[in-house]
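The structure's right below; bear with me while I get my questions together.
Per-chain numbering from 1; labels A, B, C, D, E and F assigned in written order.
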Amino acid sequence: MKTKKVAVNKRILVGKPLPNIPWEERPADSNALVWRHSGNPIIDLHPFANARSAYNSCAMPWGSGFIGVFRVDWLCMTPYLHLGRSPDGLKWELDPTPIRFEGADPLLGKPTFAYDPRLCKIGDKYYVTWCNSYYGSTIGQAWTKDFKTFHQLENAFLPYNRNGVLFPKKIGGKYAMLSRPMGLGMAVNYGDIFYSDSPDLTYWGKHRIVMTRGPRKWERVKIGPGPVPIETTEGWLLLYHGVSDTCDSFVYCMGAALLDLDEPWKVLYRCQFPIMSPEVIYETAGYVGNVVFPTAALTDSATGRIAIYYGAADTCTAVAYTKADELVAYVKKHATK
Amino acid sequence: MKTKKVAVNKRILVGKPLPNIPWEERPADSNALVWRHSGNPIIDLHPFANARSAYNSCAMPWGSGFIGVFRVDWLCMTPYLHLGRSPDGLKWELDPTPIRFEGADPLLGKPTFAYDPRLCKIGDKYYVTWCNSYYGSTIGQAWTKDFKTFHQLENAFLPYNRNGVLFPKKIGGKYAMLSRPMGLGMAVNYGDIFYSDSPDLTYWGKHRIVMTRGPRKWERVKIGPGPVPIETTEGWLLLYHGVSDTCDSFVYCMGAALLDLDEPWKVLYRCQFPIMSPEVIYETAGYVGNVVFPTAALTDSATGRIAIYYGAADTCTAVAYTKADELVAYVKKHATK
Amino acid sequence: MKTKKVAVNKRILVGKPLPNIPWEERPADSNALVWRHSGNPIIDLHPFANARSAYNSCAMPWGSGFIGVFRVDWLCMTPYLHLGRSPDGLKWELDPTPIRFEGADPLLGKPTFAYDPRLCKIGDKYYVTWCNSYYGSTIGQAWTKDFKTFHQLENAFLPYNRNGVLFPKKIGGKYAMLSRPMGLGMAVNYGDIFYSDSPDLTYWGKHRIVMTRGPRKWERVKIGPGPVPIETTEGWLLLYHGVSDTCDSFVYCMGAALLDLDEPWKVLYRCQFPIMSPEVIYETAGYVGNVVFPTAALTDSATGRIAIYYGAADTCTAVAYTKADELVAYVKKHATK
Amino acid sequence: MKTKKVAVNKRILVGKPLPNIPWEERPADSNALVWRHSGNPIIDLHPFANARSAYNSCAMPWGSGFIGVFRVDWLCMTPYLHLGRSPDGLKWELDPTPIRFEGADPLLGKPTFAYDPRLCKIGDKYYVTWCNSYYGSTIGQAWTKDFKTFHQLENAFLPYNRNGVLFPKKIGGKYAMLSRPMGLGMAVNYGDIFYSDSPDLTYWGKHRIVMTRGPRKWERVKIGPGPVPIETTEGWLLLYHGVSDTCDSFVYCMGAALLDLDEPWKVLYRCQFPIMSPEVIYETAGYVGNVVFPTAALTDSATGRIAIYYGAADTCTAVAYTKADELVAYVKKHATK
Amino acid sequence: MKTKKVAVNKRILVGKPLPNIPWEERPADSNALVWRHSGNPIIDLHPFANARSAYNSCAMPWGSGFIGVFRVDWLCMTPYLHLGRSPDGLKWELDPTPIRFEGADPLLGKPTFAYDPRLCKIGDKYYVTWCNSYYGSTIGQAWTKDFKTFHQLENAFLPYNRNGVLFPKKIGGKYAMLSRPMGLGMAVNYGDIFYSDSPDLTYWGKHRIVMTRGPRKWERVKIGPGPVPIETTEGWLLLYHGVSDTCDSFVYCMGAALLDLDEPWKVLYRCQFPIMSPEVIYETAGYVGNVVFPTAALTDSATGRIAIYYGAADTCTAVAYTKADELVAYVKKHATK
Amino acid sequence: MKTKKVAVNKRILVGKPLPNIPWEERPADSNALVWRHSGNPIIDLHPFANARSAYNSCAMPWGSGFIGVFRVDWLCMTPYLHLGRSPDGLKWELDPTPIRFEGADPLLGKPTFAYDPRLCKIGDKYYVTWCNSYYGSTIGQAWTKDFKTFHQLENAFLPYNRNGVLFPKKIGGKYAMLSRPMGLGMAVNYGDIFYSDSPDLTYWGKHRIVMTRGPRKWERVKIGPGPVPIETTEGWLLLYHGVSDTCDSFVYCMGAALLDLDEPWKVLYRCQFPIMSPEVIYETAGYVGNVVFPTAALTDSATGRIAIYYGAADTCTAVAYTKADELVAYVKKHATK
């Protein structure tokens, strides 16, 4: 556990400032790299009538506040995507009607479920990617400019896939996506992160491995990309989930890595430790215990603040905070050789 | 999630009034259809020496108070049936000696376990049915008039079965029972509800499907009958458990349906949503987390009050309340097409 | 492997003589207790157009020849029941149209499969019992007097069951059936033999264990009744299948036991050895390798000859021969203590 | 099993004549739709030193004879692709050196296995597609004009996939491929056939379901495309494999369907019966028993003859014959509703 | 649940007095045989930087305070052994550098994990045994006199094993060890306790069964030795863990037995009830819920006090108390016949 | 598949000449390294009454002929060890009474099975080691000088183990054994070869890995030692079994390696190819298809001839031949890097 000294520029976030980013300072008695919002969970059970829970969801600045796309498990436990609005990124009002996607080829049919959305702004369009049902799980794609009309595109890949995450700008002139191919069923016990690109969001190819699961125990079962990668001067900061197995279940933690800016399938640094793991009761017990599942991050380039949205125990939505420079330094310092 | 307007007679319970039914009004800040007793769990760990827990059990009015048959897991975790007495249906005193069943054919042997009893009054007899051990799990049957002497009858079915629930009166001149056939072992991941009838409680036949599991996710793994069906003017109100799977375990919720009064294998309405699911810590964590398992219901026809006894987390006994008219209206409004 | 001397009356078969019983003498160079018909398999692949195979089936004397009910797997591999006719019990002509069962409650629906029939004469009626589809596998029942019209009765039991085998006369004034309760799916790896009786073939009860699987390795996974029990002066001669597991599959052998004539749930003798096991290529290779599955036996009380019909490798129908007195003596001599 | 009269033009094959197509007439005593080559297997164990077996392979007319790409399992059981040459399509000489693919992005690495190739001529190029190793199984692609230099392209899809089969001409101006997405590992017990297209063989999209497994038992576990679809006047004739499960293994049969010529994801007719199933010893026993796995077909439009190459028992290469008009008529007559 | 009167000498602990043993009297409102320390858990998450948790660990008197060997799961979830020091046995300071074992044959390699240590004093040496990685899990052995230099010995057994526990003195002139052979992987669902002896700690043999799992439900899946056996006038007091299965996970309880002093493979009394089971939230929820796993016990022969260290939920270290005479009396009174 | 030139001394066998070794020359049309005896199987089904089969067994020169210890599966499929005698090593007469082992500690109990023996001469004693039942599978040990009285020793290891194979002389002054630790049950899908030594055959230790399974596909699931290692001038020649998995079963092949003479845990050469695999019908079909399982080898140092006894399909005993110099050269030439 020897560590190397690493110098990191404090101003490393490339994006825009976000003065109203949700934020709490690290508690005085803590030296944690990532710390929990004191009001967690920010969205608890029954966010609205007929909804059981909302989690594994995404937020984005919008107007003077925030907007988001949420995985909502209805009372019948089927997940659909719902829009949410918030003045501060912490108090959310969810639309009880699921998002309606328009314009897709009728052959794609009416999805029987939709979950774990990601939200990515490229140019002036907001793209939603999600786990979509089409004779198995695959990656649904849609865009909107106004969060009123959502234009559905082709599914990105053949089944079976989950956790399709777009890069917030083109790489080498192409759209770029991370995803985690898998097999049929929820209990799949493997999964690696791949990179694919596309000239048009319809046709995808040039699939490249980014990171395989393991070898550290906390991520030896499967890994999958989390929030849209965060551009930094040190590379793309990728937050992801890593899954360990115990004698009778899985444990989902949050990990971090830095990918090459131009060739993101090249891993510059991969932190050997998870940066957050299930520890408090709303993370260790619930619909699926021991789950910390990050899906979105807000960043303020002026201060280096990062607010991470994560699903806890497949039951509620929570927020955690970190500082970009500290996080990147930690990833470098504890990088797997 | 479109809903239809449904008119329901407020006085729909057919049974007797029960003025001393355990009861708490719905909390002021709640609009829940079913709400938890504020003193839950009413029976916690170690109800008596050598007993680990009591749950999945039944209560019945008796004299000025209540009597019940309880599943008690001994310290060694083997379950047996014990009698309990209560002045108010909430505070219970359990008899530390298991119920002794008499008169059975010696070939049926001494059961190695007995659990998940149901208690049903037909005429002037009280019938206990339970999951009985006989070269596998099957449905044990016994009756008593005084809760002192219990007369054991033949097992109703061949193994493997669980959750045998009698109707409180004969249907078409025959005794009638719901049950959930299964296979060997606790981890069986399928189960539907069947109806059978019998001229004499010894010979059973004319087996009919009532409801199959699914298609909604919350009940897609297995379903099984809960309390003795409640007679209403709208049909037999059946509370049942539905089981969902997650990536590493099961989740047991409570569902509701209305069955035809004369041909109970015909489902009139089946609610597409569970009416209660594991949400509080004594339901989500324990011996088996995420279990809400209803096994008995008291009803007061005068007020429409229903008090539901359910096992929580295979660890403790809890109570929830609802109103008959509201529940029936909800079932109809949200009926699966 | 110590053996006891046992005296057996040579004339032990109680039934009628059957002079035209299919028969071959034991080969000169063999001292086998049970020996194969030299022309095996008697029904090979493609017994008629659109039929893939016929096996696990039953024969019965009829007129001057024989009649039978056959499991026929269609080309699509779905099994149905077909009638067959034979002048000698060895050459069979199968009716390409499945047997039509009439008169059942429409609620029982149209079965999606039907297989492994047994054929039993009680009084002047011929009863067919089989593995019937009704929200799982259960025991279908029907009767005919002319093999033209088949009257379907209620299913005997709740799912899940297989191998329902009637006794050829009432026991204690009741119809009596052996069966093997199981769980959902083909790969169930447990199964014991139970006895049930019925006043009317509609309502069944008084379920009693007859034999549990094991402890000998060849039958340690599951056992199930085979042909209709053969009445002998020494008890009911029960041929059954016993299943062993290897490191990657199952092996089905034929076993034998003697049951008490009046209380057939009492085992008088149970042979510790299988009396026949998969050894020749049409038994060890095929649709399911290593299967010897007896389903019918013809007997000639005058000579003690027994002709056993068995399915081989779930692919073809074969016949084996033995002598009643020798078989019973062997069972007694090698009885499990 | 009611059948409809169907009229089929005898001259339905659209491709070129192939006078030297391997061929044997249907045996006189047979009325089989598809019949086996009398000299099967045409390639048995140990086709050359260090090779254990060759199967699941493809042939193509070449010069005055035939050329092929073969799956060869080396003695160590790892499969690689090898070239083979034959004067008559039946006697084959395999090149002991694996095919070397050139020009691929070095990031694709050196494959650890390659198997189940398909060979497709589009224009003047011969395309090989195969199950390629890249952090899981995916579809490798390469082309050659001379069978000397093979130019490797990008893998078509993300893992996990198998059985990528190109159409022999562009559809709607795009390259078109059938494939069978799956999960990790050999024992995957699901699989459907999808259609994808591509402007350039690098980027693929517009994924559409063609056929799902089931509902007939012989194909209820998984299905996958076999030979390159055969163009007929009645539609694309697709031969495919369908897999059934038994109590302890899988059974692979050959099925047939007709797809719309312009929109091949539309199934015109799907035969409810397999057109060939494992029946002879070299199909029922071997490395993996009960496997008939078609991967290539030669056709002679002048006579309607079709010679099908199939792997038998994952052990050897075999050939079967049929007539285009009879096959198409059979598919239509026995089409699943 | 009939009980026998048993007389037990109050002064039954054979070892030394330990006046500063951690201790709390049984709470006034409790009649529990074993009661929890009020300040549990004594070591919670993040005992030091880069450490996720410490549990399943051992304490020993040392100087005026206590010393211990701890299983510490690093943030990456890999477990290693760390030294800890405490003034009172309750407040612990853990050394962030893992224990370095010296002198082992280089062929034994660098272990990839080390966990669940036991600490045993024999003569003037302190022996550590633990679950060591060597091409599977086996029992590592080492000794120290000063807790500064640890001399590693040969692994005691071939893989796969876990829970190697030395006796604190030689038996019949030989070193003696209890262990629990198993198979590969964490989810092994079987395990019995064996006894082995050794002349030199290098060569082990004369393996004898001590106790098999079951038959009581709480220990029917697997059992394994816990703390170093405690010498009493009534026999070796063995605390052990017993594991039950539920429908979706395991439950680990603490059991107790008395072994013959001279022939410890002979069980004198085995308590049919667990003496402690997971009941409070830090035992029922965490990394692995429902785990009470005892690994060390301190005893004070002057008072009969026993302080038991146990891992809770594979997440934290906890302490429980009992009295030797009461515990032994309970074991005898509730001994399995 | 590049190969290196290797020079091998033709006279490399160190042992005694055995002029009457069973032998057939390599068939004229074969260039196989290992070729089958033309009269295989040499022991087929039913070697004697009440015996189903004999396989996985050992032969040894004895007097003017041969003696052997055989695994005999009785009709009930339970395996026991039986003695066999042969004039020529090919025709065997088996003793129908199992070998009686004497002198063991009564605590070891009466074994419920015994199988897969190995026979090794060290000095003037003949040692039998076998898979012995003692609360799981472990390695039984016994010796004899006259094949009349067999003296049973302690079991070598704790369960679970199989395939204990002694070296024919002491290594470093100690008895030496190879074995394959495993877990409970027949279907264990892992297994590596370990080396252990012992001063006295009672206490074993210093366990060292010899070879792990994989990476070649044919041996990627598990490996285990076969015959007693053959001493050659080039090292210990180890024949072993390697197991591959297919989509539904296992395939057992024979492999070869050379171990260091003085430090046999060091592998000098390991052949990347199996030297024999299941190819003929008595190897591919039977009780367990696709099994070639070598357990004994006779060698003639004068000629370099080796006769290998192997079990085929867990059904019969077969013999194969090879030449020591050719085999060693092949192993070296095709050694895994």
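Everything below uses one rule, namely that a residue touches a chain if its C-beta (ideal position, glycine included) is under 8 Å from a C-beta of that chain, and two chains touch if they have at least 3 such contacts.
Each chain and its UniProt protein: A, B, C, D, E, F = Glycosidase.
These numbers come from a predicted model, not from an experiment.
Asks: Please identify the chain with the largest separation between its CA centroid and the CA centroid of chain D (Glycosidase).
Replies: Centre of mass proxy via C-alpha means gives E as farthest from chain D (Glycosidase).
Asks: Among all chains, whose Cα centre is located farthest from the one for chain F (Glycosidase)?
Replies: B
Asks: Measuring centre to centre with CA averages, how many angstrom lie between chain A (Glycosidase) and chain E (Glycosidase)?
Replies: The separation of the two C-alpha centroids amounts to 42 Å.
Asks: Just how far, in Å, is the C-alpha centre of chain F (Glycosidase) from the one of chain B (Glycosidase)?
Replies: Between these chains, centre-to-centre, one finds 60 Å.
Asks: Could you say which residues in chain E (Glycosidase) touch two or more other chains, in rising order?
Replies: In chain E (Glycosidase), the residues touching two or more other chains are 248-249, 281, 285, 289.
Asks: Which chain pairs here would you call touching?
Replies: Here the touching pairs of chains are A-B, A-D, A-E, B-C, B-E, C-D, C-F, D-F, E-F.
Asks: Residue numbers of chain A (Glycosidase) touching chain D (Glycosidase) in their complex, please.
Replies: 105, 107, 134-136, 138, 154-161, 179, 181-184, 188, 190, 192, 194, 196, 198-199, 202-209, 212, 265
Asks: Under the stated contact criterion, what part of chain B (Glycosidase) meets chain A (Glycosidase) in this complex?
Replies: Residues 1, 31, 216-218, 244-249, 251, 272-274, 277, 279, 281, 284-285, 289-290 of chain B (Glycosidase) touch chain A (Glycosidase) in their complex.
Asks: Per the contact definition, I'd like the list of chain A (Glycosidase) residues that touch chain B (Glycosidase) in the complex.
Replies: 45, 49-50, 52, 74-78, 96, 186-187, 248-250, 281, 285-289, 314
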